[in-house]
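Quick notes on the structure that follows.
The letters A, B, C and D name the chains in turn, as written, and every chain counts its residues from 1.
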Amino acid sequence: MVTLTDEPITIDPLLAHVSRPSAGGVALFVGVVRDQAEGRAVTLLEYEAYRPMALAEMERIVGELRTDDVTLAVAHRIGALRVGDTAVICAASAPHREEAFAACRRLIDEIKARVPIWKREHGPEGAYWVGWRDARCAHEHHS
Amino acid sequence: MVTLTDEPITIDPLLAHVSRPSAGGVALFVGVVRDQAEGRAVTLLEYEAYRPMALAEMERIVGELRTDDVTLAVAHRIGALRVGDTAVICAASAPHREEAFAACRRLIDEIKARVPIWKREHGPEGAYWVGWRDARCAHEHHS
Amino acid sequence: MSVRLLAFAGARDAIGAAELALSLTEPTTARSLLARLCREHPALAPYESSIRLAVNGTYAAWEDPIHDGDEVALIPPVAGG
Amino acid sequence: MSVRLLAFAGARDAIGAAELALSLTEPTTARSLLARLCREHPALAPYESSIRLAVNGTYAAWEDPIHDGDEVALIPPVAGG
């Protein structure tokens, strides 16, 4: 189950989706807007997405991590989020907790690395796209 | 926050308890009654606790894992639970997801290793205390 | 000197009681108390090496002394979660 | 041959448009298309090595050819979660 929405997201639909009679453990991750980032105060984060690709990429990630035993779900919110608002929820169920934790961790790591979602941070020093300043003249080369 | 109860347990109070403006990640673990254990069908699990010590031991574990950055909560249900019922919920918040996952994992591991709670498994082959048969004539020695 | 003994789960079944009042006539440690219980309750003996003792709600070290009025609990392998 | 170019976040600010129609007159790969955009939009050039291209909603390899009618997106470093 993959959701991308402008509305608030909650855990219960994801938990219901991953529940299985054979699944003894569900690991969840809830990503919340913090009041600071690298020492800067944050008042608002504006999330934007390349929507069709973001949905497709989340589906691809879930497809890669899913197994006969592991069921996953993810919901990501976009739009204007304030401190304490939930931006992302990941859920993974498995027969035992080791696989559930591992799959949930992989799920959020892959989402943060691959899904085309960006956020503009608003604080006392103005607004800017997270990660963009650091990307200027990065020393990686295309390969 | 540590809860031991005969009533159903839910995530929301734990999530509320660990939420902090500085916490960007919350990791949760939900332990659910499975329909099988080591190949045996399970219809019912009866949980019992040495209540005052179970509460005290959960408090000690939370106290050991808590830091300035990491906030934890745990709720454990006892009594008669059926397949799909939630037995335990662990929550850990931290500024970043690595610490949140690590603390949540430690929390459930310590609870399973130390908290005086037992379960009697009921299935087609009768009822027995989980772990008791394997404990007979174990080859460990007291030290 | 007397202590209150609590037994849970499989240990309770082996002893046939959830609670016993025990009289102690000599200095007793957690280890010697468990040994005595295994002598008095043969059904408990095969599990001796798997049982931990708690004294007043905290796991005891085997050499910890037992005091008058203590609440001592037999803790079989736990299985929470 | 023409493609639809989408630009997001910082890349959109650098180009000054969220969407452009591009005409291609010679065989073009993902890499050569990004190089051309960095020449035409100097504000984008410092970020060239940090931007990935997606073609029709999937990350492209740099040598992938661009075809008529493709939807090509400039993907600056992502920051979801």
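Criterion: a residue touches a chain if its C-beta (ideal position, glycine included) is under 8 Å from a C-beta of that chain, and two chains touch if they have at least 3 such contacts.
What you are looking at is a predicted structure, and each value in this text was computed from that prediction instead of being measured.
Steps from chain A to chain C, taking the shortest chain of touch contacts, total 2.
Chain geometry summary: the mean Cα position of chain B and that of chain D are 49 Å apart.
Distance between chain B and chain C, defined via averaged C-alpha coordinates, is recorded as 24 Å. Each chain gets a centre from the mean of its Cα atoms; for chain C and chain D, those two points are 72 Å apart. Of all residues in chain C, none touches two or more other chains. Listed for chain A are residues 31, 108, each touching two or more other chains. Of all possible chain pairs, those that touch are A-B, A-D, B-C.
Chain B contributes residues 11, 15, 19, 21-36, 83-84, 95, 97, 100-101, 104-105, 108 to its touches with chain A in the complex.
Here chain B touches chain C in the complex through residues 31, 47-50, 52-54, 56, 76, 87-88, 108, 111-120, 129-132, 134-143, going by the rule given at the top. By the touch rule above, chain D contacts chain A in their complex via residues 6, 8-10, 13, 31, 46-47, 49-51, 54, 57-59, 62, 73, 75-81.
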